[in-house]
Amino acid sequence: MVGLQHYLILGAALFCIGLYGALARRNAVTVLMAIELMLNGVNVTFAALNRYLPLPADTSLFAGQLFVLFVITVAAAEAALGLAIIIAVYRLRRTVQVDQIDLLRG
Amino acid sequence: MNDLFATLHAVLLGLLRAVLPEGLAQALVTLLGIAVVLGFVALVVMSQIWAERKVIARIQDRVGPNRVGPFGLLQSVADALKLLSKEDVVPARADRLVFVLAPLIVLVPSLMIFAVLPFNWDATVANLDVGVLYVLALATLPTLGIVLAGWASYNNYSLLGAMRAAAQLVSYEVPEVLAVLPVVLLAGTLSLWGIVQAQSSAWFILAPVVGPLAFLTFLISGIAEVNRSPFDLPEAESEIIAGFHMEYSGMRFALFFLAEYANAFSVSAVAATLFFGGWHGWLLPGYVWFVLKAYLLFLVMVWARGTLPRLRYDQLLAFAWKVLLPLTLVNLVLAAVVKELRLLEVVPWPALLVINLGVVGLLAWGYSQLYAAAQRRAAVPLLEAAQGARS
Amino acid sequence: MDLLALALVVLLAPFGAFLFNAFVAQRTWALAGLSTILGVGISFLASLLVFAAVQGGARLDVSWPWLTIAAGQARAVEVGLQVDPLTAVMLLVVSGVSLFVQIYSWGYLHERTFDAHGHPHVHRDPGFARYYTWMALFTASMLGLVLANGFLALYVCWELVGLCSYLLIGFWYQKPEAALAAKKAFLTTRLGDCGFLIGLLYLWAQTGTFTFSQLEPRVAALAPEAATLAALLVFCGAVGKSAQFPLHVWLPDAMEGPTPVSALIHAATMVAAGVYLVARTMFLFEHASAAMLVVALIGGFTAFFAATMGLVNTDIKRVLAYSTISQLGYMMLGLGVGAVGAGIFHLFTHAWFKALLFLTAGNVIHGAGTQDLRAMGGLARRLPWTFAAMLAAALALAGLPPLSGFWSKDAIIAAVAHYQPPAAWGGLAGAAMGLLMFFALATVLLTAFYITRLLCLAFGGAWRGVPQVYPHVEEAPAGMLWPVLLLAVPTVLAGFWGAPFVSAAASFATFVEGHEVHEAFAPGLAALSVALALAGIGLAWALYGAGWLQPAAVTRLAGPLYRWAVNKWGFDDLYNALVGRGAVGLAGAAAWFDRGVIDGVVNGVAQGTVALGRAARAIQTGQVQTYAWVVFGGLVIVAVAILLPVVLGFRV
Amino acid sequence: MTEVVAAGAFYVFALAALVGGLGVVSARHVVRSALFLMLALSSVAAIYVLLSADFVAAVQILIYTGAIMLLLLFAIMLTPQQVELPPFASAGQQVAAGVVAAALLALLVGTVLVTPWPLAATPLDRPTTEAIGQAMLTTFVFPFELASLVLLVGLVGALLLARED
C-alpha cells in the first residue's frame, strides 16, 4: 500500500533529477527549469511529511503545507529574477549558455 | 442523498454492475459522465457562435446567418462539419509534437472548468472546497497552449501572437484573482457551491460599491484572459493575421475555436456564480436561471466586442497595471469594510440595489464630465491650429 | 470628549491634511496650504484641551496589539498612545510652534529676490503644495512620536520625522548644496538611529515589551550592565537627532532648507526629540549612572564647543544653528544630572524663543535677500518690528531676567550645582562636577556674546550690502509678521511657569516629573550667570557695536580707540586663521601618518591578498555549475560521514 | 476499493512526474523541456491532491503551471539561439553530475527506507484552506511578511534588470 516512504522517494527522485539537470545542462533557462524541479521535489517531501507525521501540539496543523506555499512564493520571485537576469545577460553577450557566462573566472 | 448527479450515477452504476464486472462498470460510467459534459459544451458553444454572429450582425446592421436551417440555427453545425472534413496541415518546419499538443493543452483545461460549475444546488459534478482557486488556475492554462502553438508554428506572426498572449495573461491574471477575492471574503469560502449558497439573501453584485466594482474588474480581466475583443491582440487579424492560430486549419483550428468559446462561457458562468447568485431565482428551476445568467453575461461580452475598438498593445498592459490593479486592491479593502459592517445581512436588498444604482449613476456622470473635459482640452489645440493656419 | 478621542484628533488632523494634500491638492497650492494650516490649527486646539485635561489630572495609556505571535502574549508586539504631563507639554510645543510656522511659511514661500538694479521681485515657490504636504506629515509624525506609549511606535515616528527633515532640507533639491545637506543630515542621524534600533531590540529581547509602562518595572529588574548598555544605545539615537557632539555636523548644513523648516524642525521640535527621548526613558537611565554621566558630559561639552563655533560664523542661520546645538547640549546636561524638569523646561522655553529667532531671521533674509551677516547692517530702521521681536528672543536666549530663557537656563545651572554624582567614582566625580559647572557657566558668556554680535551685525551699523538694494529692503508682509509677534508673547512669559517665586506645587518641574520638586534657586548662581551674560553682551557690543562710528571720525577723534577697534574687528579673521593653521598642521601630521603608516599597512595587506588570489585563481573556473557540483558533492560526502554510523547502528 | 484507486493514481502520477522530470533534463530543445516540465508540475499538483493538500495543489497549478511556466516560455522566446549550440555540457561534466546526483539519490532513498518514521495514528485528511489562512496570519506571520517583502524586492529587481537601456 502507498505510504509515506513512496512519497519521500518520489520527492528525492525529483530532486536528484533536477540536480542532474542543473549541473549538466548548458542553456540557462533549462538550468532554471531543473532548479524548479528540485524545489518541487522538496515540496512533495514537505506535503507528505505534513500528512503522515504527527505535528507538535503548539505549531499549526499544516506547517508542512505552509512551507510548501512559502517555497512556491520564493520560487515565483526566483523565477522572475532569474529570467530577468537571463534576459539581461542575453542582451549583454547574445547567449544564455552558462559555460559562456564566466565573468567570475579568476 | 439529494445530489441529482450522484443519484443518476448510483442508478447507472447499479444497472451496469448487474451485467458487467466492477471496474468496467466504473470506467463506463465515468466515460459517460465525460461524454455528457462534452456534449453539453459542444451544444453551448454552437448556440453561442450562432448567438454571437446574430448579435454582431445586428450591431453592424446586417442580417447574419439565415440560410442554413431556421434563422440560420444550423450554421454552426455546417461550419463544424466543414472544419472536421478539412485536410489536416502541419507546416514543414513546425515542431510537430508541440504543434499537435498545443490545441489539446488549450482545450482540456477549458473543459475541466465545467466540472466544478454549480449548475444547481443539487447539480455540481465536483464540489471542491477550493473551487474558485481551481477555476482561476485552470483559466491560466490555455494561454500556455496558445504560446506553444504560436511558437511551434514557426511563423513570425504566430510568435508575435504568442508573446502577446503571454504578456497579456501575466498582466491580467493578477487583477482577475484580486477581483475575485472580495467575493471570497464576503462568502467566507472558496467553494463555488458555498459562494452561491452565501448569496441566498443578497447577490454579491449588490454589495455597495464593492460588488459592481469587483464584477467589472473581473469581467474585464476575464475577457482579457480569454483573448476576446477588445483584448484579442494575440489573434488581431488586422495586425498579425490571426496570430497564434494562423497556421492551424481544419480539426485543430476547430479545437481552438471550441476552446475559445468554452472559455468565454465558463468566464460568464463563473461571473454569474460569483456575483449573480448562480442558481438563485424565482419560479424557474435553478439550471435555467444559471444558464440564463451565463448567457446574458456572454451577450454582454458580445456587445463589448461589437462596440469597442481593439486596444493598442501598450494601452493594454498599462491599463492592467495602472488602472485595474490599484482598483482591485482598493476594492479588496472596501470589501473588508462591507464585511465588517455586515451590510449585506442588515440592509434589505432593494435598498442595496438603490445605493448601487446611485453610485453607478454618479460614476457614469463623473466619467462623462471628465470625458467632456478631455474632449474640450483635446479640441482646443486643434482650434488654435486652425486659427494659426487661417491667420 | 474623552482623552483618547482628543489624542486621536491631535494626531489625525495633520495626518488627514497630509493625505488630502498628497492625493488631492497637489495641483492646487492654496488648497494645500489651507488644509495644512487648518489641520495643524485643529490639532493645536485639541492639544490645548488635552493640556487642560492633564492639568485636571487625566492620564491616558492604551495599547493595541499589532502582531500577536502565537507563542503567547509574552511576545505580543503592541502599539499605543500615552498622554501624561510630559506628553501634554510636548504636544503644546509641537502643535503650537508648528501652527505659527505654517502660517508664517505662506508668506515666506512668496520669495523676494532682487534683480541687478536692486528691484525686488516676488514669486511663489513652485513647490508650495509639496512643502505643505511634507510639513503636515512632519507635524503628524512628530505628534505621533510624542504620543507614542512604546518604543516601537516612537521609533516609527522617529524615522518618519527624519524622513520629513530630509525631504524639507532638500526642499530646493535643484540646489546641489541643499541636496547634499539633506543627504548628510539623513545619513548622520541614521548613524545614531542604528544604535537606537539595536538598543530597543536589545531591550525587547531582554524584557519582551516595547511599552514604557510595562518596561519600567521590568527594567528595574535588569542587571545594571544591561541597563547601561541599553541606555547608551538608546542615547545614540538621541545624539544623532539632537545633533550632540560627535554627530553634530549635520545641523548647520541643514540650514540650506527653507527658514521656517529650520525654525520648526531644526530648532523647536525634531532636534528636541532626542532630549524628549532621554526624558521619556529616564527610568532606564536612572538605572545606569554611568550612562547618566555620559549624557551630562556630552551635553555639557556640546553646549560649550557649539557656542564657540557660533562665535565666528557669518551666516545668520548657521549662527542660530550652532546656538541650537549648544542649547540642546544644555538640555542634555540638565537631564544628565537628573533634573528632568529643568531639562524639559528649557526645551519648552527654548522652543519658543529659538523658533522666534529663526522666523525673525527669516524676515531679515526675506527683506535683505541675503543670509550673509557681512552684507547686512542697519536693518533696525528698515525692519523695526522684526528687530523688536528678535531683540526679545535674543535676550531670552542670552538669559536675561525676566525673559523665559533666564529661568530655564538657571534651573539647569542650579541642578548642575546641586548634582552629586555616585560616590563610587570618588575623585573622578569631583572632576566631572567641576567640568560640568565650567561648561554650564562658560556657555552663558559665549551665548550672550554671539547672539549680541549677530544682532549688531544684522541690525546695527550701516548697510554693507549692494547699495541699490537697501531702499527696497522693507518689513515683511503681515502674514509673516503676526506669527512673529505672537511668538514673542510666550518668549517673554513662558519662563514664569518655572520661576522660583511660583510655588513648588505649581512649578513646571513638579508638573512634568509628577512629584513635588523643590528646585533650590541659588541667588548667587543666578546673579553670576546674569553677570556673565551681561559681560558677554557688553563685550560683543564693544566689538561690533563699534562699527556705528564713521571710521574716519574715529580715526580723527580717538586713534588708539579706533586701532583697538580695528584689531578687534580682525578678531574673527585671527580666530579663523588660528583655527585654520592649527587644522592645517594637524592635517599635515595626519597626512604623513596616513601615507607612511596606514597606506603602508593597507598596501602590504593588499599585495598579500593579490598574491594569495594569484595562487587561488587556478581553481576558479568561473563556471557556476562547477561550483554547484562541488557544493553538492561535499554535501554527499559530509552526509555519508555523519549518517554511516547511524545506519550501521540500525543494521546491527 | 478507494485505496486501490488512490494507489493506482499515485503510481500513475508519480510515473508522469518522473517522466516529466527526465524529459526536462534530457530533451534536446528548450521548448520540449518546458513541455515536459509542464507535465511534471501538473503531476506534482495531482500528487498534492492525493496528499489531501488541495489548496496547495490549486496554488501549484496557478503559480507554477500557470505563471512560472509562462515566464519560462516568455524567456525562451526572448532569447533565441542563433546557432544551434550543444544543449548538454561536456561528457565529463555530465558524468560527474550524474555521479553526484546518483549518490545523493542513493543516500536519500537509503535514509528514507532506514529511518523508523514516527507515523501519526491516522493520516491527516481534512479541509486545509481555513486552517492555513489562520496559521499564516498568526504563527507564521513573520515568514508571511517576509515572503511579501521578498516578492516586492523580486518585483523591483526584475524590473530593474530587464529594463532596456
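Some points to look at:
By written order: A, B, C and D. Residues from 1 in each chain.
The criterion applied here is as follows: contacts are C-beta pairs under 8 Å (C-beta built on N, C-alpha and C of every residue); 3 or more make two chains touch, one makes a residue touch a chain.
Just so it is clear, the structure is predicted and the values come from calculations on it, not from any experiment.
By count of C-beta pairs in contact, A-D exceeds the other of the chain pairs A-D and A-C.
Spacing of chain A relative to chain D, judged by their CA centroids, is 6 angstrom. Centre-to-centre separation between chain A and chain C, using Cα means, comes to 51 Å.
Centre-to-centre spacing of chain B and chain D amounts to 29 Å, using the average Cα coordinate of each chain.
Mean C-alpha position of chain C lies 55 Å from that of chain D. Contact with two or more other chains is made by residues 55, 59, 67, 71, 74, 76, 89, 93, 96-97, 100, 104, 138-139 of chain D. Annotation for chain C: residues touching 2 or more other chains are 70, 625, 629, 632.
In summary, the structure contains touching chain pairs A-C, A-D, B-D, C-D.
Note for the complex: chain C touches chain D at residues 67-70, 625, 629, 632-633, 635-636, 639-640, 643, 647, 650. Considering their complex, residues 95, 97-98, 101, 105, 128-130, 133-134, 136-138, 140-141, 143-144, 147-148, 151-152, 159, 162-163, 166-167, 169-170, 173, 177, 190 of chain B touch chain D. Chain A makes touch with chain C in their complex at residues 19, 22-24, 31, 58, 98-99, 101-106.
Chain D meets chain A in the complex at residues 3, 6-7, 10-11, 14, 17-18, 21-22, 24-25, 30, 33-34, 37, 40-41, 44, 47-48, 51-53, 55-56, 59-60, 63-64, 67-68, 71-72, 74-76, 78-79, 81-82, 85-89, 93-94, 96-98, 100-102, 104-105, 108-109, 112-113, 117-121, 123-125, 128, 131-132, 134-136, 138-140, 143, 147, 150-151, 153-155, 157-162.
Within the complex formed with chain D, the residues of chain A that make contact are 1-2, 4-10, 12-21, 23-27, 29-30, 32-34, 36-37, 40, 43-44, 47-48, 50-54, 59-63, 65-66, 68-70, 72-81, 83-88, 90, 94-97, 99.
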